[in-house]
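Here it is: the structure, laid out below.
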Amino acid sequence: MDTLLKDPGLAPAGLRKIDFAASRMPVLSAVADELARTRPLAGHRIAACLHVTTETANLCRALVAGGAELALCASNPLSTKDDVAAAIHEETGAAVFAVHGADRDTFYRQVAGVLASRPTLIVDDGADLTATIHSGRRDLLAGIAGGTEVTSTGVLRARNMAREGALAYPLLAVNDAATKHLFDNRYGTGQSTLDGILRATNVLLAGKVLVVVGYGWCGRGVATRARGMGARVVVCEVDPLRALEAVMEGYQVLPVAEAARVGDIFVTVTGNRDALTLPHLLAMPDGAIVANAGHFDLEVDVAGLRRAATGAAEVRPGAVAYTRPGGGRVIVLAEGRLVGQACAEAHPAEVMDLTFATQALAVERLASAAEPLPAGVHPVPAAVEERVARHKLAALGVRCDDLTAEQEGYLRGWRLGT
Amino acid sequence: MDTLLKDPGLAPAGLRKIDFAASRMPVLSAVADELARTRPLAGHRIAACLHVTTETANLCRALVAGGAELALCASNPLSTKDDVAAAIHEETGAAVFAVHGADRDTFYRQVAGVLASRPTLIVDDGADLTATIHSGRRDLLAGIAGGTEVTSTGVLRARNMAREGALAYPLLAVNDAATKHLFDNRYGTGQSTLDGILRATNVLLAGKVLVVVGYGWCGRGVATRARGMGARVVVCEVDPLRALEAVMEGYQVLPVAEAARVGDIFVTVTGNRDALTLPHLLAMPDGAIVANAGHFDLEVDVAGLRRAATGAAEVRPGAVAYTRPGGGRVIVLAEGRLVGQACAEAHPAEVMDLTFATQALAVERLASAAEPLPAGVHPVPAAVEERVARHKLAALGVRCDDLTAEQEGYLRGWRLGT
Amino acid sequence: MDTLLKDPGLAPAGLRKIDFAASRMPVLSAVADELARTRPLAGHRIAACLHVTTETANLCRALVAGGAELALCASNPLSTKDDVAAAIHEETGAAVFAVHGADRDTFYRQVAGVLASRPTLIVDDGADLTATIHSGRRDLLAGIAGGTEVTSTGVLRARNMAREGALAYPLLAVNDAATKHLFDNRYGTGQSTLDGILRATNVLLAGKVLVVVGYGWCGRGVATRARGMGARVVVCEVDPLRALEAVMEGYQVLPVAEAARVGDIFVTVTGNRDALTLPHLLAMPDGAIVANAGHFDLEVDVAGLRRAATGAAEVRPGAVAYTRPGGGRVIVLAEGRLVGQACAEAHPAEVMDLTFATQALAVERLASAAEPLPAGVHPVPAAVEERVARHKLAALGVRCDDLTAEQEGYLRGWRLGT
Amino acid sequence: MDTLLKDPGLAPAGLRKIDFAASRMPVLSAVADELARTRPLAGHRIAACLHVTTETANLCRALVAGGAELALCASNPLSTKDDVAAAIHEETGAAVFAVHGADRDTFYRQVAGVLASRPTLIVDDGADLTATIHSGRRDLLAGIAGGTEVTSTGVLRARNMAREGALAYPLLAVNDAATKHLFDNRYGTGQSTLDGILRATNVLLAGKVLVVVGYGWCGRGVATRARGMGARVVVCEVDPLRALEAVMEGYQVLPVAEAARVGDIFVTVTGNRDALTLPHLLAMPDGAIVANAGHFDLEVDVAGLRRAATGAAEVRPGAVAYTRPGGGRVIVLAEGRLVGQACAEAHPAEVMDLTFATQALAVERLASAAEPLPAGVHPVPAAVEERVARHKLAALGVRCDDLTAEQEGYLRGWRLGT
């Protein structure tokens, strides 16, 4: 079995960090223990495309413990931690194709490497595996029992495929599980995005005008944390309901073209293309910092800025200052790729514990031959959400109440009123 | 046409306040203007059961402007503003049955008064009209085109009726519209609940331990505002997902029995019975303040406390201190009824603008004979939500962006990836 | 002994509310108990000029318990609660001169009434007694042992008198005690100002642009609470250090002339005149709400607006809408007087507990003939601050640590370093 | 001239980061430009003991531009950035003694190296130079015109020296300047402390119980930011006034011994020894994280823990997990040294801009022979504070108002009242 790694010798350093993350992931650890007992994935070959982080490594442990043969590739060229990639391979025996800073060709070779395993289950992050299989590797479709998808972007893509009748296997929308998007997207993206900005720039957030473009769950997370660090937050949105919520939360809401002129720091998190175009980038104040927290690197027109710029210099690792023809500089972080994954260490273990425990149980569901799902996008079973949430609360030592029989009865009735 | 009012002479004072509220309700005003032009409610008799406030008065204006004959009764005996009730009657000619502090008998006479109008459309708040009609006035069912319901509690009751096959007409779940629960329940309940507590007690919120029992949309609103006023918030929940969200928001989560021992102020907002039972009330610190923000007055066992108490004294208007057999006092606000409605002036006009504009357009939808809806609970049309939200943003002077054609195309596609 | 009251028959209602407040003022109650034992004020005649509220009533109880003969007048014509005024007189026998809504003449007759008692100690709020005595009743100076002053404004006036050599007796600056301004000015003014605005208007604070003019301790309190209620806060300041702090706290800082054009609600709290002038009032958006939280009613040019306006109508009790010649209305609360005192019930008991316990102990200090203070402005003894703070913590059930001997030693040393 | 550097070849990397920081320090840059013109430090030899960071590098530029000969040593063995140290030496020609991770001996050799320059001015951070000179290098005293001190800890030490009559030269307390402690201690320490914890552990802050031991300016900064990141903050204090403020801000206040049992993350910032003792460290939950943000590494008894532990392992760079005899692990960051300086990059440039502009102007004041200051601790001139604040506001593009002549007159008067 082939692999693509920066340096297998980095495994020990990676392993230490993976273990530390494991100590912060009690739910996933418990799921892994159970999967190790029940081995529901035995006989399955899993192709996974994920950010190669310490948290992902613990998901890999769970999947392999459940009996699966695993091949893993990176879902983003800049989010790969090379020591972690080496450690996953060494510890679990998985085929790992992930090198930090991979160019476009290498990136697609990594995907190809994973698909060479002829997977029966797909674990996806952004739908790149699913899209690639349906476009160019349709020979694999017959063997695939189903897939899971963990991002808003990937679920949207899969739904579009399903609407066109193109999706050929069942896909569980892990992103849509409450145990995923309510936590990972808000608390994970919120923290890791700011963490990425701080590591890349060490700027003071207090007193800055921070513009959040896109007020979905991830954008809310970024806005909340930015405010919590003392920034004045401006929100840009296309959806009037979300814009109105942002207003009511006390944020200033502006069109992007106006926000561009007043912001100090910009974070795109729309899940769409062209969130910040070249005219926006040229209108920003001198020294403005631009980061992307959306899945793909098409939210900010970095290519356009690169072409227009009269100069470019890496002012700190991960931070490139482009000199504009009209004067002043704009500082782009991580080439417009996911800043929390590229400049920091991705979402913290505690929140990925929820996401990946949900993910592992979703994979288990797909592997169950007894009740096969039809092709299409499906929700994660509600029982999975409740189980993950209850386990997490218990692990945190938090107790909550149960409904009494009278209360349950009341909730089912309608006759008792004023 | 009969009415039940405290004093018709209060109308001028009420009218002044209604006009002031109108100046804060641009969306409802625009809807009223349109209804006045199109008269879609002509020929309809509307029975409405609502909190009789300045905001409700403006909804009444819109419905009557639309051509309806209107009969209005109070949805809560303590939320009625007598001057407003008088003004609604005088200005719109509606039959109004609403007296502040009505006892149980009077309350049901008010409902009966409204149903005597033989309504064709129902506008409900808590499903008391709907439940009463289906229980005791089934003769009216044949004439009723449909109803709207504006509360979580009422929608739950209606869904329970529908599940049992008991619901005999179509009911639009206004509460479930994004333009209602995301705003009214959070920002309306949040502010008005604290406002009610402050007017009833004038206590300092900073530094207090405020316990929120129930972390739904309303509970979140109360928790957010209480923290914003400097209180330390403790949350009690039965749903593990909500409990976990509360933890992640930085609240302490405790079972009610433990929270009861450490709280200074308690707010129930569960939409269920028995949120605070007698043992809880007996365990609270001396001087604890108890308020309810849920629809019905069965969340706090005030009756049990009254029986157990060795003394009771109204220490301020709306605030009764019960002396407990084991010592110390517990102070109950508004007899356990909706504190924001009873002790303050209900939700502010700006947020009811959204709710009642949605409500008025939902009534218009029901009145449309062209496309009748089947019996059952239905969502408000999405177009209504978007229209209300866009109008509100415009009225606030807030502009937001539109998707470009490329962006819309991207959101529909799936081939473009990393 | 003369009195000036609206209606002595209101005393029972007032007494009930005073008792409730007392239950929230454990430190002042303990001080009152001690003064009742030690009677240090026996033989003294106290002239007090204070907001006539339930909290002040409890200070009166303490002073009278300490042996003083008391005469009380109102420090603001709109802050007087007539039931409380009646109760103070009835319960303590104090001469009380306080009628809600007193005109200018009556107001000065109230001051004159108090001074007719030929006081030996002065308890002042805004320095009106002190200024009046030094201007027109210099005959009293010989008999006065000293005074206390509880506001920023009053301390500033007293300092100005002292600088000019005009201050003829010792004055303890209660406002400058940490147990006063860090709590009363921030948490008291913050809460009561918003409370006043809500009672007067019932507007939704979420999503509003609220402009705070003046970022001292009171202004910070208002800004913090307004943000906590969901408003977007804009700060106006003349001091660059304070302005910079406001920026770092994430507020937008603008000159008043610019803020006037974008605000929905304005709160002045500068302690200075002309915070909002006529041009500002004419530039505000239609429907803007203007309130003052500074001591005197010269912060907003209400007189100028009244003259310029083409119409005026009381749209709600305490809220007058002025129609501007150029169009649109501005709504002024409480005629530009202290909005929390005039439209709500002044600062909550819990925070006045600190202020008035400090105040009562400051009066005790002045009454001590053993160590007379020279004329001039003096700080409250540090021991008073610490005693009050410790007592309050204990009453709240909050425990904190003590320094160990080693830690105390370390804090005194300098040799131990890296 | 001697130097002690890790690797002079790192200079180019350091220089790039220094330049980026410079772009965020407009006030210090302007001061440097002025000093370059006026050369007030010509003929002076400055000995500086500071955290060797990009911001310090820009202070060094200013001092050298002003004509000084400069020798710099590290104020903390873990805060030194080796590339920056190399760059300072190469660019300014200063003698630099700073190696990351220096042991105790090397640390004191660095101090000795700096003092070998026979300085005439001292720029200190923690008073190590001042204490060393007064203890062991009294021969230098005659030549020293004065010093500046930038930390709370150092100012306390200097005051203790002055009280004992030991301080032999004038020392300007830069820490006490409003432009320093109100910004650097709150916004700088707040952000950099969390940044250090995140880089060292990547833990999720949302939902954690974070215990702040010490509620001075730095502690407030940490508490505010921790809450802003979603943590539930518990405060420990010895001063009752500060404890009461923490309560009113909505924090839970507990004695350290109780907080130790419930915290997930602990930050000491007392400026005192023994903030967390071995019993506390043994009582913490398994996996607790301990960090120090106070100047010296004597706040946490790491040595005691090391002796008591049955095992120790570096689980991530800068994070050592100690296995306790009774079970469970405690994770100590940066060996108990300043976590923001050791695990992240110290305070951001924007806030050090204020601190170091104040510092540079304080040095200029000391160098002025015209008005020499007597030995003792002195405040920074108020004109320096105002100048720095005004310049910063201008650089941020923030405008604020000026007092009118009438307003200035009013603030000086006392006759105008109610």
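Letters A, B, C and D mark the chains in the order given here, with residues in each chain numbered from 1 onward.
The rule we apply is simple: a residue touches a chain if its C-beta (ideal position, glycine included) is under 8 Å from a C-beta of that chain, and two chains touch if they have at least 3 such contacts.
Everything quoted here is computed from the prediction, not taken from an experiment.
Participant: If you take the mean of the Cα atoms for each chain, which one ends up farthest from chain B?
Facilitator: Greatest centre separation from chain B goes to chain D.
Participant: Could you quickly compare A-D and A-B and let me know which has more C-beta contacts?
Facilitator: Taking the two pairs in turn, the one with more contacts turns out to be A-B.
Participant: Go ahead and note the Å separation of the Cα centroids belonging to chain A and chain B.
Facilitator: Whole-Å distance between the two chain centres: 38.
Participant: Tell me, which residues of chain A touch at least two other chains?
Facilitator: Those would be 187, 206-207, 227, 230, 247-248, 396.
Participant: Hey, which residues of chain C end up touching chain D in the complex?
Facilitator: 75-77, 107, 126-128, 131-132, 135, 156-158, 160-161, 164, 166, 178-179, 182-183, 186-187, 236-241, 243-245, 247-248, 253-256, 272-274, 296-298, 385-386, 389-390, 392-393, 396, 398-404, 406-407, 410-418
Participant: Within the complex, which stretch of chain B touches chain C?
Facilitator: 16-17, 19-21, 23-24, 54, 187-188, 190-191, 195, 198-199, 201-207, 224-225, 227-230, 287, 313-316, 319, 321, 344-345, 347-351, 396
Participant: Would you mind writing out the residues of chain A in touch with chain C in their complex?
Facilitator: Residues 206-207, 227, 230-232, 247-252 of chain A touch chain C in their complex.
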